[in-house]
Every structure is written in C-alpha cells, then in structure tokens.
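Quick heads-up: structures coming right below.
Both of the next two complexes hold subunit A, though its partner changes from subunit B to subunit C.
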Partner chain A sequence: MTGGGPAHGPELTATAAAGDSPQSAGVAGSVASTGTPAIEAAPSFWAKFSKSSPLVALIVQRFALSIGLLFAVSLMIFGGVEALPGDFATTYLGQSATPQAIENIRKDLGLDQPATTRYVQWLGGAIKGDFGKSWASRNSVSEQIGKRLGNSLFLAFFAAIISVPLAVGLGMLAVQYRNRLPDKIINVISLAAISLPEFFVGYLLILFFAVKMGIATFPATVYDSMTLGQRLSAIALPTATLVLVVLAHMMRMTRAAILNVMSSAYVETAELKGLSGLRIIARHAAPNAVAPVINVIALNLAYLVVGVVVVEVVFVYPGMGQYMVDAVTVRDMPVVQACGLIFAAFYIFLNMFADILAIVANPRLRHPR
Partner chain B sequence: MPDLLSVKNLKIEATSYPPGEPPKTVTLVEGVSFDVEKGKVLGLIGESGAGKSTIGLTALAYGRGGVRITGGEVKLNGEDLLKLSPAGIRKVRGCKVCYVAQSAAAAFNPAHRLGEQVIEASLKHGIMSRAEAEKRALYLFRVLGLPNPETFGQRYPHQVSGGQLQRAMTAMALCPNPELIVFDEPTTALDVTTQIDVLAAIKHAIEETHTAALYITHDLAVVAQITDDILVLRHGKMVEYGTVREIIEEPKQDYTRALVNVRGTRRDEAPDQSDTLLKVENITAGYSNGFKVLQDVSLHLPKGQTLAVVGESGSGKSTLARVITGLLPPQDGTISFDGKPLPKALKGRSNDELRRIQMIYQMADTAMNPRQTVRDIIGRPLTFYYGMRGARKTERVKELLDQIEMGGRFADRYPAELSGGQKQRIAIARALAAQPELILCDEPTSALDPLVAEGILKLLLKLQEETQVSYMFITHDIAIVRAIADSVAVMHRGKLVRFGPKSKVLSPPFDDYTDLLLKSVPEMEIGWLERVLATRRMESAGN
Partner chain C sequence: MTDYTRYLTSQVALGKMNRREFMGRAAAFGVTLAVAGTMFDTAAKAQEPKRGGNLKLGLEGAAATDSKDPAKALSQFMFVVGRNWGDMLVESEPLTGQPVPALAESWEPSADASTWTFTIRKGVKFHDGKELTVDDVIKTLQRHTDEKSESGALGVMKSIKEIKADGDKLVLTLTEGNADLPLLLTDYHLIIQPNGGLDDPNAQIGTGPYKVTSFEAGVRATFERNKDDWRQDRGFVDTIEMIAMNDATARIAALSSGQVHYINRVDPKTVDLLKRAPTVEILSTSGRGHYVFIMHCNTAPFDNNDLRMALKYAMDRETMLEKVLGGYGKIGNDFPINETYALFPEGIEQRAYDPDKAAFHYKKSGHSGSVLLRTSDVAFPGAVDAAVLYQESAKKAGIEIEVKREPGDGYWSNVWNVQPFSTSYWGGRPTQDQMYSTAYLSTADWNDTRFLRPDFDKILLEARSELDEAKRKDMYRTMAMMVRDEGGLILPMFNDFVNACGKNVKGYVHDIGNDMSNGYVATRVWLDA
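Presenting the complex of A and B:
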C-alpha cells in the first residue's frame, strides 16, 4: 500500500499549487474554469458569490472536488480489484475445488451478478458505513476495520504530534543558522534518516533500544486490555521510526520555503527595524511560507496513516496496513476494497484540509479589497 | 550645531563571482565623507550604480547581499556604528535610524495588518507602550494625509494603493521617533501625479517632527524640493557636495552641470502638413471579461513626425500600442496605415504590413534573447524580412551598429555584456533593421538614468532626420514630450482627453487632468513644491 497512496499525489498537489497562487485574480478565475458541472449550471450566481466571498467559494470548490475525486477513486479501486488475477473461491477451497463447489461459493457471495450492480450495492453500503462481510471470516468488515483503524490512527497521531513541531522548529533553526554548523548537522542527520529504508531504521532501533539496552518494548503489539501507559510504551519504537522517516522531508521543505521568503524586501524591512533573527523568521517569514509547508505536512500525515505497513510488519503492530496485506493474500475482496477506500479518503481529505488551510492563510483571500 | 551623522572616508566592497574565474573583490564606494546635522535633510544623488543606496544603508550599518563596509567610520551622535556588536546595531536600527524603501508594496509584509507593522519597531525597542504607539501611528497617518486614519491601520497592504503604502512606510519610519530617516527613492515607483502628494506629505512630516533625513534619488528636481544639502555621487565617488542652492544654481563640476541641464532639450514642432501615416479612429478595446481599457480613441500621425502619448499607469497608453501592432484586436474602430485599412488582428497582416510597424520596449533586457549575440538579434529581421545571409547580412549589421553609434565591435557580444543604454540602442537597431515607417516606442527611456536617456532621445531624433521614420512615443514624462514631440495625445483612464500639436496641447487653457499632470512634474527650481501646493490651496479655498 506504500505505493498506492502517493500515486494520487501529483493530481492533488497540482490543484493545490493552482490555489496557492498569490494573485487573487488568478484564483478567482480558476474557480469558474475548474468548477464541477453542478456549479457551472448557474454561472452568474457562482461568479457573484466567488467575488463577494472568495474564501467560502474556494473552500466549497475544494470540498466538491474532493468528493468527486473520492468517487473516481472508488471506481478505480473496484475496477482494480475486479481485474485482479486469481479468485477467492479457488484459493479458499484449495485442493477440494470442484467446478460445482466454486459455482456455489460464487453464488453465495453474489459474484454471479454483473459488476455494475455489485459496485452500486457496495458503494451504497460504504456511504452508510457498511462495507459488507469479510469472505474469509464472515464477520462485518466495518467492525474489524474499526479496531485496526483505531490502532493505526493512535500510532499516526503520536508520530504526527512529535514530528510536525519538531520538523518546523528544526527547519526554522536551520534557517537561523543557515550554512553554519547547526544547519549542517541538522541536514546530515535528516538526510541520513530519509536515506535509510524504514525497516532498516526500525531494526536498528530495536537492536539498540530493545536488545542492547533493554529499555524499550518489543514487539509493539497492543491488546484491548492494555492501559494507556502500556500502549504508549509499546508504540515508542514504531513512533520513533516513523518520526525519523517523515521528519527530513518536512524539515527540508520548511527550510526551503522560509529561505525563499527570507530574500524578500519585507524581511529586509524587518531586519532594518532591528528585530532579532528568530522573531524575523517566526513572525515575518513563516506566515508567508505556510502554504508549501502545509502541503508537505499533509502529504506526510497521510503517509503516516496510509504508508505504515512496513513499520507495522516490522514491529508486529495490529494496524490497518497489516490487515489489508493479509486480506490481499487470501483474495478477501470486501476487506481490500474497504481498506483501499478508507486510505484514499484519508489521503484526499488530508490534502483537502491542507489546501483549505493554505487558502485561509492567504490574507488576500481572507480580506478581499 | 553638532553633527548627528558623520561619515568619514567610507569604503565599501563586495565580492563578485564571475563564472569560471576566481572571485573578485569590487570596490563599490570609496572616499565618501559627509555630515548631517540634527533636523536637516541631505540628498544623495547619482545614477544607478553610483552607490547611493549602499551609502544610505551604512547609516543603519547594513550591507545588502555580500556588500561589506571595509573602511572609514560612520558616527551617529559620536558613536561609530561600524564598531558595534550585532546586538548594539539592532538597538540603532528601527530606533534611532529608520529606513523607507523604494517599493513599499514589496517592503510591507503581506501577512500582517499595516498598523501592527507600523508600531512593531516602537514596541520591540521598548520606546513606547502599545497605547502610546497606536496614538502616535494615528497622529502620523493624519499628518501624512492618509484616508480614514482611524481605520487605516486595520487594513492589509494589498488593500491600499501604492501611494498610500509609500506614505504608510514613512509613518512606519517616523513612528519610533528616530533621529534619522533614510529615504531610498521613495517616490520613484509612483505616478507623477501621486508623487507630488507623497513628496508633500514627506516634507510636511519631516518638518513637523524635526527628524533629520538622508534622501536618495536620481532625480535632481525632486531632491531640490526637499533637502538642505546635496551630495552628488558617480561610480561610488563624490563629485560635488554643497547646499541645494550651490548645486542647482552654481554647479562647479561638469557632471553636475549635465545633471542640472538634463531636461533642457526642447524642440519646436514640425508643421502638420505631410501625409498622414497612421490613422486611428474610434478605437475601443478591452479584455474578454468586459473591462474596457480604451474607449473611443481617435488620433493620427503624419509621416516623419513624432506623436507623444502621455498618461499615468493604467491610462491605456501601452494598450493603444498593442492594438496598433495587432496583438490586441480592437472590439470597435478602425486603423489605417498609409491610406489603407490595416487588418485588426496580427494573423491577418501580411509580412510587409508587419515590417512597416516595429516596436521598442521599456525593458530592453526582457525584449532580447539572452542567449543570442547582438549579431543574431539585429540579423533576425534582416533574414526574416529581406532574406539576407552571409557577408551581406554581416555588412548590414555593421552599418546598423554604426547608425546607433556603437560600432561593429559589439556584434559578438551577448545582452548581458551590455549596459542598459547599450541594450536599448541594440533594440533600436533591431527595429531599424526592418526599415519601418513607424516605430512604437513604449517608454524606452523610463528605466534608464537621465543622462543615458537623453543620449537615447538624441539618437532617436537623429535617426528620424536620416530615415524619415515616424514615432509613436509612449511616456509619462512631460519633459520628454517637450524634447521630442510634434503632436501630443493625453490619455486618462482609457480616454483621450487632449490631442493636437504640441504647442496647443501644452499651453492654456487646460482641461483639469492635463493641468494636474503638467503641474505635478517637478521642476529644477528651489521652492517649486511650495508654490504648487500654495496654488492648490488657493484654488481649493476659492472653490
């Protein structure tokens, strides 16, 4: 699934880039041209609306685009699963597969109906939160996923609240000491972290902290009966691995975005006001570097939810990624589809929030003339 | 009176990194000394590259980019700024010395409200409490004549006009009650009609607050209105230093004399009796969103003459040129050239129709391919229109280079190896290569220093005599109109407000807009600003 998420990346970042353009005229113009058909049906109203409150108009537009994109993705997931080679019935029956038995199971699972009917049924259920029953365990997919998703989000949440402030802070520090020793140390460490594969980082951490020093818990498996403290201690190493993996990307983007702003005339003005270096970075440079940084943060947060499968396997952590991989091996399609759709939804909506935040951060849109 | 700022024997260097060569140390400023007394204004004047801004910023102990102050002393109240620690320098900046940048639009942070930015330095240096600072900002907004001073601070930079931003920047500099303000070309980016208001506001504010100032500009006429003393700079060295009266009325150096007399060129108009070359009738043009940039514009231009089109930014001057070239087909109206109607769109025009109208742009830099040599740039129209190649083309390129007074040795240079004035000359040669009958000149001198600009104007006049080419010369500078035009068109908000022979357009009775435009052009005369402001007050009192 690591590859599945980023595949949607480019189209999303492309729309984000269009929205970030500082010319409010350009942004307002793009509303009309990229609006969904429903919006274009009433051009005069929409044109008026987007002029009087461009902020709300852009947010509404982003939301509509995200919903549309999610539908397109659901179609692709369903089509992709249909196109997969192999068959659940054959895998399930193994040696005892007779044509009659296979036929019975296919009928039992509703596979004899046309694909369009099954798609509409599946999507109708998914909108209501019902992803059907797992073919392998005959249990409700939603119920099983709920617990796994909770575990994944628990891990992602702690990785995020450590890595995001750390990345932004280190990025600002690197700007303050640019091309001097602290900047170079931060760069070398973060580049090393991003260059090592995450399973390798994971094993290194296990080697040092669990095996040699014995201060960390391994494996990181969590149970229902655990207290919060026990859980936190269990996820310490996977969280550290994820932080190291996503940190460098966000840190370097923060550094680049702020450095870009640092050469502008208003930063010189701030310097000539006699302000201190850190105040210039935090108050005068950072607010104008928000849009690109937010986008990178969103991509990495999505990765924390969507792309953790390797880390989950290394640390034997019962999250969504492992659940999905298991389902793929036994061709348990309802589970694969549900996981795919949920991952896509996370990816799309995190990017949507990033877009909206970047729009809100632009004073030209917040305060039209 | 003791000197507030005393600069002695200043030396400023920078390191340049030419590709493929070892780094070189360049001396930008050498041997510059001057003093500013409390409450006095010193003008620093010179063309670009003279080191004006670099010297101005030393008063804040600041070097842009890789610029280093390597020698001399900069004493503020007897204390050498160059010997201070970084923390000590920060206590001077934004507290004792403040800075007003050329482009306030870029110098204000787009993410914060104007009021916050204006009072920030006062608060950070602990000069006053927030309430006191806000009160002072309000007072300054009033003094500088900003609209709705009570709510002005609530606005964001993109919500106010360029002239207002420049005044807000002045308020920001004045707010901490500094002893010295460095004004770095504060009115250069503004329209002439806006410039006069900002100048008056700055002058009034300086008088009101008894702040001393360094006023940097390339325009001697502006500096004459606002300063007590003038220091003339060239190539980083002092040319002449004296009171305004000494510099303007009795300049001792040749260079200063040339600067003072730069706007002296005048030419009598030729009688309008030759055949009409260009005739524009009832042109209305605009963009697809319905916004009309030009409305019902009609004018004509005789063969071998110059029509100056004057107006401030946004008046539609450049759009008119785009319509004539066919780049922007008009929605209504006709253009005829040499008696025949011209197809509206560029695509409909024949090669010969294209050849007869050429264009020169404001930024010669961006109008040339930086990867082509001068030979290729001038040679292109020769091949395109006349099919010239080989020795004939080389010969013709050399002829054209001689015609623009540069010579064949420039043929193998790249644009980056030329000065601003030389680039504009190459652009003129490229236009001439097509042997056009009309050249549209879109502010070709407004990005150039006054003396260089004058050279370009003289060249254009010489070429007109030699080749009988007509010019449509777009400008916002009345002095240029006086120097070169035969007829004048005054544009305002997309409409033609006045059109006719130069002598008629530039003499009374005036319409309101032409009157305002003419009165706003600074004149090389001490007391001009006061006089104009006094007449304005009388007029408004009379109304």
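Presenting the complex of A and C:
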C-alpha cells in the first residue's frame, strides 16, 4: 500500500502471465519472439500474418491473452473471497447477527447453493455485461462503480499529468548535472518523499496547508453537484501527495536509463560534434532510453488508479479503492469481483500499452530474428 | 417530570452539566421548559435556539455497502441519517431514559402488560405529503417482524404476537407481559415509513425534521429542513451535510480546521491534544456500552466458578480505564448495568483489583498452566492493549494468561461467541430487561458467556411483566448479583462516548440512550454565528 505499491507490479503481472496457459509463454516471455518454432514448422495464416504485420499480430495476441487472464483473475477473486472466514450474511450483520436473520439473507441471495453454481451464475451475467447488484446496498454494481471509477480516474489523471512530465524532466536535469548539487538535491528530496509512507505525507500536507495555513480544501470529498473548479480545488492535496509518492520511482528510472545510454559511442560523437548537453539528452539519448522508462511509468499509472486506497482514506476521497475495501470487509462478492476485474484490466492493459509503445519507439524490437 | 428536573439539577450540582448545556436542554425540549424554566428563566431567554445555517458533520462508520433501508441500518452513519429523516413511535428521554411520546401520542398497557394500545398522532405528514395513518404504522411493524425479515430489530420484535388496528389506535399483543414495550419501540430501525416501506424500503421518506436531498453510500448525505415538521422544538439548522470520514486523523483535521462542525469517535489517546485547539469543544457522554472479557461458563476450564472469580479479581480496572480509555469511562462491576438504566440496583459493592483474593480463588480452582485469551482491536478500540494490561495484572496474582491476537476480519463470526475466552464489546440496550434477555437468558442467541441458569431465567421473565417498580428493582438486584458473582462476565469498564464539536455549535444534548446524542445530534443543535 505504501511506496512498495508500484514495485510489486512487475512480479504480479509477470507471474500471472506466465502461469496462465502454455501458448502464452512465447508472448509473455519476450516481445521479440512472436514467431514460435511450432508455428514456423507449419506455416499458416497466423504465421504469415504475424510476419507481415508483427505489431498488429502482437496486439491481437495480447488481447486474447488478456481475456484469458481476466477470467483467471475472476476465478482467483472468487476463490479468495470464498476462502475468507465467514460469508456475507455473518459478516454483514457482524455482532448483531441472529440465526434467523442470517438464514433469511442467505436464502434471499442464494448463498445456500454450492460455490460452483454461484460462480457459473455470476460468470453467465458478467459475460453479458451484467455485474449484478451489490448484496449489501442492492444497487446496481455497474452504476455505483461508474461513479467511483470516474473519481479514481479523475484523481489519477491529474496526478499523472503533473508527475510524469515532472519526473522525466527532473530525470534529464539530474543527468545533465549528474553528481553535482542539483542532481543531489533532486535525489534527496524525491527519495525522502518516497521513503515516507503516503499517509504520512498526506497528514503533513493536511497539517500545513489545511489546518495551519487554511489555504487548501479539506476533506477532499467530491460529489455530483460540484463544479469543475471546486473539484480541482478539492483534489489539490491528494494529487500533491500522489505526485510526491510516485515521482522518485519514475525520476530515478529515467536518470538511470539515460545515464546508461550516455556512455555509448554515438553520444560521444554527438558531444564531439559540439552539441549542448541538454540537447544530447533530449534528442539522442532519451529516445533510446524510453523503453524501460515507459514500463515504469505504466506501472506507476496503474498504481495511481488501483493502489491509492490509503490516500483515499486519509483525504476522505470517494474512489474505487475504498469501495472495494468496504466490499471485501462484508464479502460483497459482486462488488469485489467487478472491482477486482477492473483493477486487473488496468494493470494488464497498461502493461500491454507500455510494451507496444516500447516496440514503436525501438524498431529493432519490431523485427525479431 | 419531577424525576426529570431532579436529575437535571443533580447533574448541574455534580458539575456534569454546565449552565450552557442545561439551558440548551431546557430550551430544546419545550415540554420541560415549564418546570425548568422557572429556575433559569432569565438565562433561558438569552439562550433561545437560533434557526438557520448549514451544519456539517464528519462521521466515522460509513461504508459503500450501507443500505438506505432503515431495517438494515447498522453503521453509526446510517444511524444518524435515519434519525434525521424518520421518527419512531416512541423516543427515550435523553437524561432519564424514560419513554416519551413521538409518533405515538400516548399508550396504555393492559393489567398484565401483555396488550398495549397506542394512540397515533394525528395531522402528521410524510415528506411526500401523505398523512400518517395507523395503517402505515402497522405495515412498518409487520415488515420488521415478518418471518422473512432481515431487519436489525428482529430480535427486539420477536415478542410481538399480533399487530392490529382498533379504529385509529394501534393494538399490540405480546407473547408474554412486558412492562418495557414502549422503550423497545425506540429502536432506530423502527422508523415509520409510508405503507411500512413495502413499496420502496429505500425511499428515505419519513416524518422526520429533515428531508434527504442527496445520498451517496459511504460518501456523503445532505438534508434540508422539513418545513411541515410536526414538531417545533427540533430541526434548527436549515441544511445538514454529513460526510463519511473513517480516518480518525482526518476527522480531527477537519474539525480543527473548521471544515466540519462536529465529529464522532475521538480517540481517547488524542483527546488531550485536541483539547488544546482553541475552537474545539470535547463532548463526553456517559453511556451504557461496555468493554468485556467473556468466559464460557460451560466450557473447561471456565466451568469452574473459582477460576472465574480469580480472573475477575485479577482485573485492575482503574489502570485499565486510565490506560485504555484515557479516563473517559466508568469502572464496571461485572454486571452489564450501570446507573444510567432505570431501576438500577444501587449499593452493590464495587469489585476491586485484589491479587490476594485472585490467588486464593485460583489455588482453590486447582487450575494449572496458562489461560488462553483471544483478542483483536475489532473487539473494542485498544482491546489488544487491554489484554496485555490484564496479562500483567494477573501475573501479580500468579495467574498466567496467554494473549492471542486474532485477525480482525471475521472476528465476530469466528471468535466472539465461539471461543471460550475472548474480548468483546456490548452496546447498551434501552432497558435492563432487554440487556439481560439479549445476552444472559439461557435461550438467547447472543448468550456469549454461556450463562445457562434456569433460576435466573425465571426471575428475568417474572420481572418483565411486573408493573410494581419496587418489586422489579429488587429482582434486578438479585439478577445483577448472580451475574456478578457466578457469571462468566468480566466487565472492567463502561466507555463514555467521546465526540467533539466547534465552539459555535450550541444546544448539544448529552443523551444516555446512545452515541451522538442518541443519533439526534443534527436535529437538536443549532449554530451560533
């Protein structure tokens, strides 16, 4: 939940992809080897297609794989929630449960049926796009999630458009002044921000800007009747917190990747040509360093959507994270499933997007040998 | 009313209530003004409630899973929401806990207290303009007692056998006499809805002082004043905004920065820090909720009363109150009733920490080895600390307690009422009878100490239909002694409700009934500009 959020991303997606199905190995293993030996041995439509337009083939394959992954995720969420102690009826009523009330709820929701029946029923609805009704509030899940997801995306969007350019820019600046004072200042400040737990960063900002100075809006609750201006002012503090939390990761990756390229011969040539330092970094070194940076950015973006529940709680912001935690607490399966799938979809598609961008940015990856 | 004024003045004399609060109370409750006003006449005029303004509450306890149906209200947030838009048949008097009329104007029991006739108030309108009829009341009560009901009030309503109308009066027939029936109808789930809420239980349409203008589960709720309210002594602010704030620090920050006027659940550990803020006032109200350590009387080794006594004497209540509640509470005496209940049995000796007596009983019990206590912070805030404190105080008496921390998730279904020795929390009930029937009757679902005593059950049932108060009080005394000296309950303390408000919030009523002025906070206070 804290700074570790983004760092866990790669393992999570990597294991999920690898463990899915045999045919995934080729794709998930390396974007460079789309044509597996088996396909080459017997040239088919697919083999020809993937040779002629590898990028499209890759995207198609990735999409198919994503669907499979989402299915696996839904199965895992269902199994996970089933394995938690207590079912919806007992946890929802908590200390005020009576045997009769529990039985009534179970009967009403069909919890007395076996788990497989319930999963198949849910899956049948989900395929048709019907995620059902929340067991607790009896409202349509899609409708409720729509609102919450909108809030989450709103916050993530503003955090991203501030933090990504800032991180990349600061990274370049750090390379330009490497091992000198500006580099060190940037490093120390961003590392300090990432080392503090995000709730603590949040509390500090609240203390100074809302309580002491009284210039920031708190709580950051957003609701329907707010104007855009009010919304922006409400999310100022949570956005600042998120920017501080994700900045260091992306900035340091940018710095490391560019520094790596900076030692190559063509950069030396550029230097000898007499180009300025920043121009070399921006025009010559950065494009070749973009692949790892894009991956880190994608993971951080995913984190901004799915991993910010602590920030939501601290700032009283009605996002998806809080919604899912509430649902897990009472084992509200339809809501947990829907949230879990959306989160998984975000990770999967952002990763896919990052891979595609990396290939586009680096033509060598497009033509596998 | 003499009871009420006596209580009121005694509260003032004890310093439990300041002048401002006293006047707020008196002014807010017009009925009592006639009596109390003569004593505080001039001051009363100076403290007239002011109307208008937007009241903002930052409350803990909301979740995205909250249901709008009052029958399913469970959280603190929904408790207050319901009080804002709805009315019950009966309310409880804030300081004495006696039943007072709400939508029922008056009531009359039969001689054996098994049949009750309620006169329903006339000319009361629902928010949708329809007039309240006895039929709405009947449908509401039926919805909560129905066999398929998922209502939180189902346990309370079990004893009602028949619900019918007699002209425009409501007649309730019970399975056995119950002198406390009106108080049972104060339950916050039992909001009277048009047609009993059968058309749409989630409509949030009632007869209360505020109409719901927007509601987003787990986020926010807003209200506007009901201009046609049938009562003039409530609903002073124009609009209410309730914001869900589940983080304790966020609530404190919001209050101290003036973004909200009132917050609930102030952590006793930070009260002293919050007190320093110049614009904040701490509101501490004694309540009936209690923190407990419960042993199953029918499970070894706790089936031995000497071991139970040893564990009771090994509890250092004073330290516990100081360390866990920061002093915001009252010491308990191992029975679940305190002086806020009507017919409280006074003069029962306070059990104190006594390592020698504990050691004596422990030796007599013949138990050896450690005793396993399961706990989690879900049981009550600070429960794990409390268990460790208890471990220390018991060690001095030579009793070894092993503390096992259980996961909070699922604690109520896997540990509480399942494991033989655990920590737990009990909210208060409107009456002594209700408290004992819920948790100490042999057949009760929530008999979490497995206190199976036919002789106790017999007295409890006799007391229920006894209309002679002196006799009844005597019976309650016997019952308290039985639980205290033979039961499986260790009750170190009753917790106060600790809330806080801005200094511009006036007229807050310290209600013994439940937290947050029994949920009526928003309908009772006013804002002083």
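Just so we're on the same page, the second predicted complex is superposed on the first by the 301 of 369 C-alpha atoms of A that agree within 3 Å, B and C clash if a C-alpha of one lies under 4 Å from a C-alpha of the other, contacts with A are read in each partner's own complex, and residues count from 1 in each chain.
By our rule, a residue touches a chain if its C-beta (ideal position, glycine included) is under 8 Å from a C-beta of that chain, and two chains touch if they have at least 3 such contacts.
None of the values given here were measured: they were computed from a predicted structure.
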**OP:** Could you look at A:287 and tell me whether it touches subunit B, subunit C, both or neither (first, second, both, neither)?
**Re:** first
**OP:** Mind working out whether A:323 is in touch with subunit B, subunit C, both or neither, as first, second, both or neither?
**Re:** second
Original post:
Touching A:313, do we find subunit B (first), subunit C (second), both, or neither?
Top reply: second
Original post:
Of the partners subunit B and subunit C, which touch A:360 in the superposed model: first, second, both, neither?
Top reply: neither
**OP:** Examine A:271 and indicate which partner it touches, taking first as subunit B and second as subunit C; both and neither are also allowed.
**Re:** first
Subject >> subunit B versus subunit C, judged by how many residues of subunit A each one touches >> reply: C
Subject >> Partner chain in contact with A:194 - subunit B first, subunit C second, else both or neither >> reply: neither
**OP:** Note which residues of subunit B are touching subunit A in the complex, please.
**Re:** 60, 62, 64, 89-95, 98-99, 101, 103, 106-112, 120-121, 124-125, 155-156, 158-159
Subject >> Contact footprint of subunit A on subunit C as seen in their complex >> reply: 58, 63-68, 74, 147-152, 154-155, 202, 214, 216-220, 243-247, 249-250, 253-254, 256-259, 407, 409-410, 412-414, 416, 424-425, 445-446
Subject >> Residues of subunit A touching subunit C in the complex >> reply: 84-86, 90-101, 104-105, 108, 134, 136-139, 144, 147-148, 203, 206-207, 210-211, 214, 218-219, 221, 223-225, 313-316, 318, 322-323, 326-327, 329-330, 332, 335
Original post:
Can you list the residues on subunit A that touch subunit B in the complex?
Top reply: 22, 24, 264-266, 268-276, 279, 283-284, 287-288, 361, 363-364, 367, 369
